[in-house]
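Two complexes follow with chain A in common, the first pairing it with chain B and the second with chain C.
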Partner chain A sequence: MSAFAKPLKIALGLIVIAALIVIPMNFNRYGLFILSQWAVMAIAAMGLNLTLGYAGQVSLAQGAFVGIGAYAAAMMTTHGWPLPAAIVVAIALSFAVGWVLGYPALRVQHHYLAFVTLAFSTLAFLVFRNESWLTGGIYGISNIPRPHIFGIPTSKPLPFYYVCLGSLAIVSLAVWWLIRSPWGRAFMALRENPLRAQSLGVDTRRYTLMAFAIGSALGGVAGALYAPLTQYIDPVPFNLSLSLDLLMMVIVGGAGFFLGPFLGAMIAVLLPEWLRFTEGYYLMLYAIAVMGLLIWSPTGILGILDRYLAERRTKAASTLRAVAKSRLETVQ
Partner chain B sequence: MSAVLEVTDIKKNFGGISAVGGVSFDVREGEILGLIGPNGCGKSTLFNCILGQLTPSGGEVKLDGKVVTGLRPAELNKLGVSRTFQLLQVFPKLSVRENLILAGQEHQGSMASRLVGRSDAGLTEAANQMIGFFKLDHLADEPAGGLSYGQQKLLDAAMAFMGGPRLVLLDEPAGGVNPSMLTDLKERLVAINREKNATFVVIEHNMEFVMSLCSRVMVMAEGKVLAMGRPDEVRKDPAVIEAYLGH
Partner chain C sequence: MSNLFDLLVAGLATGAIYALVAVGFTLLWQTSQTINFAQGEFVMLPAFLMLAAMHAGAPFWLAIILGILLSMLLLGLAFKMLLVDPMMRHGVLPLAIATMALAIGIKEAVKQFFSAEASPFPSIVPTGDVSILGHAVSLQSIGVLVLAILAVSGLTALLNRTSLGHQMQAAAQNPTVARIIGVPVERMILLTFLINAFLVALASLLITPIYLAKFTSGEVLGQAAFIAAIVGGFNQVRGAIAGGLLIGVLDNLAAAYVSTQYRAAVPMIILIAVILFRPQGLLGRAEERTV
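Entry: the complex of A and B
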């Protein structure tokens, strides 16, 4: 069964990727915008999933890192720098700030840590809004150009969607590598039992800081793509509610599951659009759907799948045991 | 025989209460030292002071003649000092094999090399051997949280040995383990002690287990060392009998 499961998974993955490339070719401008936003938010949520889902460090500041990345990209590209250079700066900046934000996590955990990161989120928002000399204040930064990739202009919605999708693919591969590496195992050890991890030589301080820094850096990448996507940024999208949205994406998708952020971002970005036909009721329905899901499965959508698979394994194992037992009895 | 661990006048106060009041002893290369005493006499606190989990209020810990007082647990672990815990301390969602790989992975290479290197840090073979050694084969891919209490205790011990430690401090390894598994555990400990020349300090309440496993036994009461010697000497010591049985 497991020999069959792997090719099936690969085939399913290839179909999804092909669909993401081919189907949007017929989409209108708005559809492409929504899908690009999904890709960008999935990147940010993947970062938070690393910090929260794998390493177990609560953060309510991921939206602030999207903001840092977005402002870095907006300022640089409007001054003539190419987007890839801006992305590198966005990564370095959010990595460094995320590293520093990790220090409180060495002293406080859980909801206390949530409050520390919440305070940081507010602080970042105030900087975006009040430091007009740098960020343009409430007027924001407009006319953010879209890049030329290998000489091809991506100012039209479809090419820029492919930029977002390609970035998502690169980030996904990097995160996949990271969580399969010994670092991923150390992150999970941090989440499961930091005391035991320490006694086994895991440098919990450095891994905690790294979990924050890398997770935040991915927030920065998302921001650096968000700026050219909307082509105009002001402080409002990067307030606390973005951090909460991203947190919801991770939890709803399934924290600590690799595919969780993809699903979570899909629900947070696409579901409100699909529910739009209900007009005034769509936000209410959306809220009820999320509440229902979390009551049914606190571990998110992938938690349901995980439980189902575990149950099936247990059943298979007990069948095997029963067969072995009956054989033993016939021998006797 | 030289001393692997020398502990000199370790003190630990919590507020006005002295949990450990000046304990000195040494552990010789290759020996199994038992540490017994009534509940609350400071055995685990002493362990935590030696291992850097707590900062001692006074005194000195030497490993191979070098002062290691105040080093963090992870640093001490990399110097070859490992431990098990009184209460279960495994990583419940990781499989048994992943638990063991994690227990060994930080002992080789740098942090950066572990990011670009192999996903199992080349430890699958060693982990499988340890799994076989502790007879956990049928559970290798199960999440550790699903194991029975006794099996988790075995896994906890196995994890302590993954990094190839020179000195292992075991805090009540026999607690809650059923008698047949206990015999297994004792055999494993003796085997590792002989084959790998690992030195052990064992806290334990199960007298039979301690007396048959250890070459020397140290008795603590009220934060102080009451007696130290061969198991049969300690057993007859009037002070020890009084501490355990009262007046």
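Entry: the complex of A and C
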């Protein structure tokens, strides 16, 4: 079974990637916008999944980092800087602020940490709204240009969708590598048992701050893509509900699973759109779907799959044991 | 000076409502580790239930009773049985997320089935001003303050002076031992959910005449109550009361003396400071659970 599973997984992954490249080619403007939004939110959710799912640090501030990245990109690109430079600045800025936000996590944990980050999120929103000399206040920043990538303009929806998808691919590979590196294992040790991690020589202080900083930096990347995607930003999208939405994506998809954020972002961004035919009821149905899913499987969508696979493995193992035992008996 | 007095009275009145909501929030946390992100929507909904009853032709007093009973049924019983019970043993976070989804659901349901516009709501306290120490104080502020104080002192008396209250405290502090000595823990948890539903319905009745009934009005209120509960002490009812009053007064003073733009920042900064330097809250004791 396991010899068969790996090629199957790779084949499935390739089919999904090919589908994401080919199928949107004849999508209309709105469809491409929604799909690009999915890619951007998946990046932000992946960052939160690192902080929360792997390192176990609850954060209700991911939306604020998307905002920080978006404003950094908007300000720089409207002043003539290229987008890649803006992304670098967004990463550096979110990383630094995320590092500082990690300090409370050294003192308090769980729900208290959630509340501190929630307060930070609201404060960031107030700064976006009130410091109009910097952020344009409630009028926001408009005419955010889309970049030229290798000399190709991406101002049309399809090329920019590929920019988002490509960024998602790069971030995914980076995160894939990170969680398989010793760092990823240190993060998980932090989540499972901080005391034991420390006694084994993991510098929990540094890794806690790192978990926040790296997760936040990915939020910044998402923001730096969000600004050219919508080409206009104001403070409203970056209020507390974005942070709550991102948290919902991570939990619904399956916290601590690599693919969780992709599925979670799909539920949060695409499901409401699919339900639009129900008109005024679509958000209500969405809320009911999320509650129903969480009641069914509190560990998210991938939790269901994980349980199913674990069950199958146990069954397979017990069959093997039974076979081995009967063989032993016949030999005797 | 007269300005300060007015601000204090208005602050205490809103603070008293925050306290009601924060107390319910704290009760749910203590007995079932539910962080209810829909608490603000829980306050928004009863006003609409009462309005619906009045549209159906019920007089105001009957609408109030029906609204309170319906919210106890929906926000107390149904909330506990359908959402909290199946998820309680899976930890704090999935349940908190589920209540976020519930908040969206309630908001959208009100918008869809009732109205997206703000509706006026009758006040149970007569409007007008009375003169206290030479200041004109609105009867509404006084009425809100008195009713909220009555409700909270009634609850405190129930918790501290009756056998039922002692059983609820036991169920919150140590469910296992409480079960051994014969406390019906499940029923006590259900009771706290019903009390929470009653408190939010009361808060709804008191606050909606001031801010109108609107499907989004729970957002600000829920957050204020949330902060009040944490600042006062997440694990103590009297902490939640103090926190509510403090946040209400500070919010009003900040709007007048700091800046209207950053008034919302003041409670947040206090929240961060309290969590970092006194995480058990101003009145709470470290990691102890009492009702």
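We adopt the following convention: the second predicted complex is superposed on the first by the 330 of 332 C-alpha atoms of A that agree within 3 Å, B and C clash if a C-alpha of one lies under 4 Å from a C-alpha of the other, contacts with A are read in each partner's own complex, and residues count from 1 in each chain.
FYI, a residue touches a chain if its C-beta (ideal position, glycine included) is under 8 Å from a C-beta of that chain, and two chains touch if they have at least 3 such contacts.
The structure displayed is predicted, hence computed values, not measured ones.
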{"item": "Partner chain in contact with A:E311 - chain B first, chain C second, else both or neither", "value": "neither"}
{"item": "Touching partner for A:M291 - first (chain B), second (chain C), both, neither", "value": "second"}
{"item": "First, second, both or neither for A:W183, with chain B first and chain C second", "value": "first"}
{"item": "Contacts of A:M248 with chain B and chain C, given as first, second, both or neither", "value": "second"}
{"item": "Partner chain in contact with A:L283 - chain B first, chain C second, else both or neither", "value": "second"}
{"item": "Partner chain(s) touched by A:L126 [first = chain B, second = chain C, both, neither]", "value": "second"}
{"item": "Partner chain in contact with A:E192 - chain B first, chain C second, else both or neither", "value": "first"}
{"item": "If touched residues of chain A are counted for chain B and for chain C, the larger one", "value": "C"}
{"item": "Which superposed partner A:H110 touches (first chain B, second chain C, both, neither)", "value": "second"}
{"item": "Chain B/chain C common contact set on chain A", "value": "none"}
{"item": "Touching residues (chain side chain C, partner chain A) in the complex", "value": "35, 37, 83, 86-87, 90-95, 97-98, 100-102, 104-105, 108-109, 111-112, 223, 226-227, 230, 234, 261-262, 264-265, 268-269, 271-272, 275-276, 279"}
{"item": "Complex contacts: residues of chain A adjacent to chain B", "value": "178, 180-183, 185-186, 188-189, 192-193, 195-204, 206"}
{"item": "Parts of chain B lying in touch with chain A, wherever the complex brings them together", "value": "51, 53, 72-74, 77-78, 82-83, 85, 89-94, 98, 101-103, 105-107, 111, 114-117, 119-121, 159, 162-163"}
{"item": "Of all residues in chain A, those that touch chain C in their complex", "value": "58, 104, 107-108, 110-112, 115-116, 119-120, 122-123, 126, 129-130, 240, 244, 247-248, 251-252, 255, 280-281, 283-284, 286-288, 290-291, 294-295, 298-299"}
